[in-house]
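In what comes next, subunit A is part of two complexes: it sits with subunit B in the first one and with subunit C in the second one.
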Partner chain A sequence: MVVFESLALLMEPKTLGVILGCAAYGLIVGAIPGFTATMAVALLVPMTYFLDPVPALAGIVTLAAMAIFAGDIPGALLRMPGTPASAAYANESYQMAKRGEAETALGVGLLASAFGGVFGALMLIFAAPFLAEISLSFSSFEYFWLACLGLVAAIAASNSTPAKGAISLFIGLTIGMVGLDPVMGQQRFTFGNINLVGGLAFIPVLIGLFAVSEAFRFGAKPVARPEILPISPKSLFTGVFSHVRRLKWPILRGSGIGSIVGAIPGAGADIAAYISYAVARRFSPKKDAFGTGTVDGIAPATAANNAAVGGALIPATVFGIPGDSLTAVIIGVLYMKGLNPGPTVFLMQPTLLYAIFIAFLIANIVMVPFGFGAIVLFRRILSAPPGVVMALVTLACIVGAFAVENTTFAIFVMLAAGLLGFYLEENEFPLAPVILGIVLGPILESTFLASLAKSQGSFVEFFSRPIAGSLGAITIATILVPLLYALLIRRK
Partner chain B sequence: MKRTIIAVTLAALMPGLAVAGDWPERPVTIVVPAGAGGGTDATARMLAERLRDKFGVPFNVVNQGQGGGVVGINTIKTAEADGYTIGVIYNFAHYAPMGQADFNASDFTPIAQYNFDPAGFNVRANSEWNSIGDALDAIKAAPADYSIACGGGCGGSWPIAAATLMSEWGIDLSQVRMIAGQGAAGALQDMVAGGFDVVPSSVPEAGALIQAGRVKSLAVFGSERLAAFPDIPTLSEQTDLDLTLGAWRGVVAPVGLDAEIAGELAEAMSDIVSDESWQAQMAERGFGVQWRDTEAFADFMASEEGSVREIVATLGL
Partner chain C sequence: MKLDDLLNGVVFLVLGCAIVGYAQTLPVMPQIEYGPGFLPSIVGVGMALAGLALIVARLWRNIGAVEGWMAFNGNGARGVLGIGVFLSAIVFYTLTANTLGFLIVAPILLFGIVYWFERRWKLALGVGVVGTLLLHTFFYQIMKAPLPWGLLIDYSGALTW
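Right, the complex of A and B next:
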């Protein structure tokens, strides 16, 4: 029985230790405003280099689940979301906290988050193997369109204008082009430098974009934190259960929306929370209370962002196509650990894969006691001086980049990526499309050229295969429909 | 006393001048031109552990898999030949003719070859071909009608093995469609989906799909059948070709390594490879053992360089 073997893998003391450590780390990083879940994972990746596949990946998915919840805490108490995923309802919970209802906001949020997370994990466990079975019949034509869809969605779903999203994406694609081309092995943009033949390595670029850039930003203008609103942990669960019971359908709906939005390439937890919040408002009997501080808005949205993590892991493991920047990193680690994502991994290493899935499920359940702890200790977490934290982050970045690549060149790549990330964010260019471009570019190129070589230069086969044709139609519609719509509106 | 201190200080200041008698007096680096977790890395780490026990200093594995191995192999080639940097190397003759990097057999001091894994000729389980002869005859009759996946780049061990076989069979290589991609695992899945007709790869790599009944391997390009896959016949059983083709791994040092150090390393390698526990460890992980001593390894690298470069030219890569 695969499930028992997987559980046995998880029950090793070392694995459990790594999972617990990652849970605590995820809660702390998620709770600090400005530190995203992606950054938390990026900093952890070099350390996973020295771990076995199961503890490494179980730790990362645990960390992701925890960081997404922990982002809610500063959202309520400081009005600064800890991670972008909590931005949709940060004001909502802050308004409640101002009225002295911080306990209710965070208590309901914690339970709804755990529920959403479990829902997403179950979707992953049951939907992924089913999809994998279907996708065994996917050839390079289908993968080409999946990669295209991912690129288009990366622009459409970014929290910025499509133009800025597209520029970010093309920067990512360009970074991905440096080195040996994935098909013929010819050198590109290497300028005869042997270090560049290997390309700009993914992990150092990632650490630079998401972590070093944050340190630069702090160095450029250190931000003072506003006063933390009071919270009494003793009454955290009073009256919370009646709210959750009352809101069970909106929470379930939010979880559903979250796992589906998460599974769409390019859209991640932050988008899922915005959409779920908007839907909850649309169907709520207490529409007017939204925006003034109501759990009716918080619960469905916070369930959605946690469900999105599980949803995003579906295309990541089945196709190797990332749903968001967080899963782009997880795909990188899967490759690093020899678990090449794709339908065959379900045939070849089911035990490892299910161990990771089950770890994710368990993480979402233990989120309740751990999350409670994080709320209690929040004041202490924030008492760490930011300057010291940033210095430690920078140090961890440098050590991490070197540890992964074993070249000093990687450190320079990381620093350059940090400058790039700083510049992009200062000018409101989204970072997620950059990472998606780096991951999807080589997939797109190799599947396109392999497909053309197979069809001997004919483009017909990109549409004549039924699944490829449907995916192609969806991709082209995603590009054309908004353009046509805008054109129609202008006509009127 | 004073003289000793001076000598020690001088020795510490001039590690490059270490002579064979003193070697090794500090940790040795084993450069592995492949990422952590793969086959090359696994065998290198197994070697490192045993070399450490032999010489009493740590042998540290450094992974440099960037650029399909180009970065790591270059590190081995350009390192100082003082015996403190050695490397694990594998089929590298194709980099130079394909314009990827300038690596030649003469750039390295050969120590010994310790591994060889034969290529397997994998096709879909429902393919009409039931023997390697069927497949090769069909491809010979209409070379442009079939697509063969290279897995990675078309200069890699597996596609070169398949191309060499086809060339020996008299197939017009310039007509054959060899298609590059990313990794044998992805290519095998694509073949199951109908995207390719043939994917040459190591047999263990296709093992899960063979067991799942989706892929069959028509022949293994080795001198005898694999213990883990006793049903797959060898090339020589089915054809009159006696070829051994596939991926090999060996230990080398930068060119110009002191002959005594090279000798000590080769002797240690010989002890390790003939050790039964090492052979069991290799078999358990699915790696084949093949021993070539320094001289045989040097001859092998030189002759392989010639044959691979000829094939690469014929394929027009």
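Right, the complex of A and C next:
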């Protein structure tokens, strides 16, 4: 029985220790405004390099689940969402906290998050193998279009202009091309530097883009923290259950929306939360209360962003196509651990994969007591002097980049990526397409060239297979429809 | 450092063209139409076109205009120095870690950053010592990452706990 073997893998003391450590780490980093869940994962990746696949990936998915919830806490008490995923309803919960109802906002949010997370995990456990079975018939044509769709959707989903999203993507693709080309083994963009022949290492680039850039931003303008609104942990669960019971259908709907939106390549937890919030408002009998601070808006949206993490893991594990920057990192780690994502991993290494899925399910359940602890300790977490946190983050970045590659060159790569990330964010270029470009670029190139070789140079086959044709049509529509829509609006 | 989108557009227009130019120098494989230069050419053209789109949007609709071509979103000169602190910390580590060793360079680095931002020397000293020990324990002793010993190589046995 795969499930029992997977459970046995998870019950090893080392794995349990890693999961608990990552849960605490995710809650702390997620609760600090300005630190994103991706940054938390980026800093963790070099540590997972030295771990076995199951504890490494179980730790990362646990961290992702916790960081998304923890972002709600500063959203309510400081009006500063800890991660972008909490932005949709940060004002709603802040208004409640201002009225002295922070306990209700966070208590309902915690239970709804856990429910959404469990829903997303179950979707992942049941839908992923089903999809994997279908995708066994996929050839390079389908994978080419899936990679294209992931890249195009990443631009469409970024909250910047399409031109800036595209530039980010092309930067990522260029970074991914450094080294030997996947078909001929020809050196590209190496400029005679022997360190570049093996390509730019993923981990130093990742740490630079998401963590070192954060340090530069902090250096330019240390974040001033506003007054924390009061909260009484004792009454955290008073009246919370009646709200959850009343809102069970909106929470379920939010979870459904979250896991579907999360599974769309390119869309992520933040978009899922916005859509779920808008849908909840549309169908709520208390429409007028939205915006003034109501749990009716918070619960479905926070359920959606947690469900989206599980949803995003579906295309990530089945096709190797990331849903957002967080899953792009997870895919990078899957490759690093030899668990190359794709339908065959469900056949070859089901025990390992299910252990990771079950860890994600468990993480969403233990989120309730751990999240409770994070809410209680929030004031203490924020009392850590930011200069100290940033100094430790910087040293961890340096050591992390060095430890994985074992060369000083990796630290220079990290520094360059940090400066690039800082420049991009300051100029409103989104970072997610960069990381997607790095992960998907080599897949795109090798599937494209393999497909052309199979079809003897004919492009017709890219559209003549039913699934490939549909995926191609969706990809092209994702590019053309917004362009045509913008043209039509301007005509009017 | 926020640049005017006209400058950003020019940067990526030029970079895109440079990538296309570089792709042309990559060898062509006999009998294979799409060689190593194929994807770089597409990426270069795409980047140049997107750069052009930024320029057009800036000139026609004034999107992304910045007064004086560039703006610094930070605390003036102190902000620039703040970035410099992190930049020089990383460069300092790469230049000295192999000769001096992690256990000497890391506390200096931590002390410098914490003191710059918090102005409390006792706190900076404490973080320097405790932070170094924690990271060394985790990466060197538990994860077996080969952090450099430098000057302390002769004492590496005594300093490994």
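To be clear about the criterion, the second predicted complex is superposed on the first by the 492 of 492 C-alpha atoms of A that agree within 3 Å, B and C clash if a C-alpha of one lies under 4 Å from a C-alpha of the other, contacts with A are read in each partner's own complex, and residues count from 1 in each chain.
Following the convention adopted for this analysis, contacts are C-beta pairs under 8 Å (C-beta built on N, C-alpha and C of every residue); 3 or more make two chains touch, one makes a residue touch a chain.
On a predicted model such as this, the values are computed, not experimentally measured, just so you know.
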item: Subunit B versus subunit C as contact partner of A:Gln186, first or second or both or neither; value: both
item: Partner chain in contact with A:Val197 - subunit B first, subunit C second, else both or neither; value: first
item: Which of subunit B and subunit C A:Gly100 touches, first, second, both or neither; value: neither
item: Partner chain(s) touched by A:Leu392 [first = subunit B, second = subunit C, both, neither]; value: second
item: Subunit B versus subunit C as contact partner of A:Gly338, first or second or both or neither; value: first
item: Which of subunit B and subunit C A:Phe402 touches, first, second, both or neither; value: second
item: Which superposed partner A:Lys221 touches (first subunit B, second subunit C, both, neither); value: second
item: First (subunit B), second (subunit C), both or neither touched by A:Leu136; value: first
item: In the superposition, subunit B vs subunit C on subunit A residues touched; value: C
item: First, second, both or neither for A:Gly17, with subunit B first and subunit C second; value: neither
item: On subunit A, positions contacted by subunit B and by subunit C; value: 183-184, 186, 406, 449
item: Touch list for subunit B against partner subunit A, complex; value: 35-38, 62-68, 70-71, 74, 98-101, 144, 147, 153-155, 177, 179-183, 185-186, 188-190, 192-196, 208-209, 212, 214, 317
item: Touching residues on subunit A, where the partner in the complex is subunit C; value: 47, 50, 161-164, 166-167, 170-171, 173-174, 177, 181, 183-184, 186, 188-189, 212, 215-216, 218-222, 385-388, 390-392, 394-396, 398-400, 402-403, 406, 408, 411-412, 414-415, 418, 422-423, 426-428, 441, 444-445, 448-449, 452, 457
item: Residues of subunit C touching subunit A in the complex; value: 1-3, 5, 8, 12, 16, 19, 22, 26-27, 29, 32-36, 38-40, 43, 46-47, 50-51, 53-54, 57, 63-64, 72-75, 79-87, 89-91, 93-94, 97-98, 102, 106, 109-110, 113-114, 116-118, 120, 123, 127, 131-132, 135, 138-139, 143-147
item: Subunit B-touching residues of subunit A, taken from the complex the two chains share; value: 49, 53, 136-142, 179-180, 182-187, 194-195, 197-199, 201, 336-338, 340, 342-344, 347-348, 405-407, 442-443, 446, 449-450, 453-454, 456
